[in-house]
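Notes to accompany the following structure.
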């Protein structure tokens, strides 16, 4: 069964009475069927968030016209908003270092249709994973980084992202810290996987430190990259139970599974336009549980 | 911080365009702020479900008037609906046999404010748990059941439910099967906990059978009681990991925890007006995950 | 760090006093360090199970001699036993139909070193997944099956398993029922993934039936194949939370993840000689939780 | 079915060859049936840990004699060890402040036989929970604490612990920091529940900080109290999934469940002599998963 094509609006504004009625009405008047509507009110910040799915069959103008018309309504009601179309394939660049588990997971989920995107290219500071890229015929760029070359190599990355028209960068265990110029320019469009349950074990060697602290669960955290390391808005987290039998290496192996799971869920949420960023938090509208 | 008082509407109807806009508009026109609105469309059954939370501060008529006015709107749009008020304390009867774990859990969660209800009485076919009832000063009725007395004792139960003005019956490991007259009369108002992951292990001795089948997880299921044993609409389920070390008795002990958790979650969902029944399924609007 | 090479003994016998002391002593006398020893006593069946890991460095005879010597001890104490060597790479045949998610998962986990085995060949009754086999340079055999050709095609499968010297067959969503001759001949050496939480939803279309029953969690079960469909000894199970929003197709998509996870865990347990079969149950010695 | 009475030895020593054989042999020679034996080798610290369950039926000396005899063997092999008897009821003091959820959970689990102990007394720095103590006829001591009275009141606590012959102190949401004299004197015999997933959110207000960081799961940690706040050896941890809908108050409510679960599991592990402390970590031998 072909999936229904959808138009998705992500909206946020100051909380006030009647915003749902006004918005639902606007779409109704324009002839749209609202397939799904999710809202959230942050009562502490007095902020309102909304995700609306429309049936693309009801589109009787150009996309540009729809957006221009909605912009008028949004301006009148002081809404911040984005509009996405489920038939657009987000172009993704994956950045990796040496470990392949997250990379394989993303590629195979894309191939199986779970992640609706194009993987346009893979960039690495090590040559090890070129073979994986070749297996799936994805362009691979090897950009090694030293302290001296960091800035110039990042410029090459940025050029590649531009050339491939990339929408989203996924750091799938990329073991380099991006400069704040990079993360700033790509704010809200870089997803990183941290192999620890943030805010526990920020920074390096989380499995070693988990072993030393004797924790009984280890976790992983997918978040948007921000200027401060491991401080960006969290999209998804999960944990797995461990015990005294696991050495730091054992924790690392067990942790792979949770890293894979958490990263792919976060990327999926982003690709399906389920995430709104507000300050340093995310509103993540889930479907499945 | 005192919790906001709310009016909750549970609505269902055939799916059609504009129902959200019309409903949101109706409440807006009447001066209500929609605090939260959740919807679900069953595309297979072409059925639409909605849960709306209003701020009770906005109530500027009697409750009766609100309901009469909404009835007109509902009739015009062919909606089935219920209306609940968060300041009403649902009156609950708990039926038990000999095991106390679910009973204790329900009572203590009520005492701590997690379950917003009154526990009006406890009814049992065994005298064992009277002491628990006394500890918490809840009226206790002992109604032993034999094949011969089943009907007459059930009549006494029904009389008690009426006398105490009970809204909801919770079978907290009550080891008697209710007659179909009873379950029919109280349809959608009896919650049962089954100590198995339905539809696996329907009927008796689920832990024994779980042991024999060598399962690696055991579960529990809370559902509305229906005429057919263990066939009613499921509200909540959960499982716990087990292994070869557990005998049937061990499974039963481990299972207590998941029974407690599942039953209290289901009762909470019912008390917070989060459950809509449709055919043999439930739409359960959760908040917390 | 190179992993320690190990010799693993799986032992079972009638329960009786002193069996641990006798066995530990035997290995000690022969100069072996016991790295890890796990036991289980089934008090209902009065049966004793043991898994012993030795350090392969201590091996000062041929493997054949070790086994012959232990056979004498085992015979004296009436032990059933198997002996495995962690440096042996189990030869695995994967059988699939059209869906690739479990196949990809097994192959990539093997490539990343999580599954210590060789994937010798892939056999399918459909041509669809040849491309995946080619990506990873694994021999692919297409053996379509009709009612008439079932037996002759199974003979070809058996011939292939022999030719490739296969130790273990993994049915990674292979949508054909094997004949009882096949399952009997390969007893304890075929692992199947069932896309339901057995014993719930045995047989066909478990996701459809899960939808209709309105369950709140769906599961998957990995088990050794037996003559009766979905009745064999369970190795691993897991579930994932679902809700009313998921159609049968949605359940199937969400279920993929739990199928992958459960199948790879079961295969890993088998490859690491952690599973002992007894009657229709498994003793599965886990390390990690 | 009456449960088997057991003698439990917890043993640790430097790792070396033959320790299992020697120990198993010693018990065999003395006529004991080893019901269950669990070991762990920490390869990094070169340390060996063992938990042995004996059948108390085989005891043919006094307990004192058994311990004296084993002490000789232990001394010869340089073992550290403890010996426990499953028919001894550990005497527990529970310390609380104002919230009742963990207290209720511990008491009712004790009443249902899950926690095999006596709850000898409840001590609180607030009068609020006296009613709970009365319901279950447990002595209640109200010892309010100000900066000036802290030391003198702690002395009264210590006197009470002595008078009631207490073995284990459980801090069930006791919102006072114990002095290092106290924690030092009671090392390994005080279990605290921290309402955060340590080492994340150490210190005060973990739910507020979890909200602000926008985490997607919250947790709880049960640990032995040490001189440094929230730094002691972890016994048990667990988490629960949360989302953007939960305010700090909402997180606190959802967190109650995981606090209850984690604390009672940790207390149970301690009561069943399943925990060995080594440096700042615990070896926790679990049975059930």
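Per-chain residue numbering starts at 1, and chain names A, B, C and D are given in the order in which the chains are listed.
The rule is short, and it goes like this: a residue touches a chain if its C-beta (ideal position, glycine included) is under 8 Å from a C-beta of that chain, and two chains touch if they have at least 3 such contacts.
Quick caveat, the model's predicted, so the values are computed rather than measured.
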| item | value |
| --- | --- |
| Most distant chain from subunit D, judged by the mean position of its C-alpha atoms | A |
| Pair of chains joined by more contacts [C-beta pairs], B-D or C-D | B-D |
| Computed distance of Cα centres, subunit D from subunit A, in Å | 41 |
| Geometric centre distance via CA averages, subunit D-subunit B, whole Å | 35 |
| Of all residues in subunit C, the ones touching two or more other chains | 241, 243, 245, 289 |
| Residues of subunit D touching subunit A in the complex | 40, 42-44, 49, 197-201, 212-217, 219, 233-239, 241, 243-245, 247, 280-284, 286, 289 |
| List of subunit C residues in touch with subunit D within their complex | 17-18, 20-22, 24-25, 27-28, 33-39, 41, 289 |
| Subunit D residues within the subunit B interface of the complex | 1, 99-101, 104-105, 108, 111-112, 114, 135-136, 240-243, 245-246, 249-250, 253-254, 256-257, 261, 287-289 |
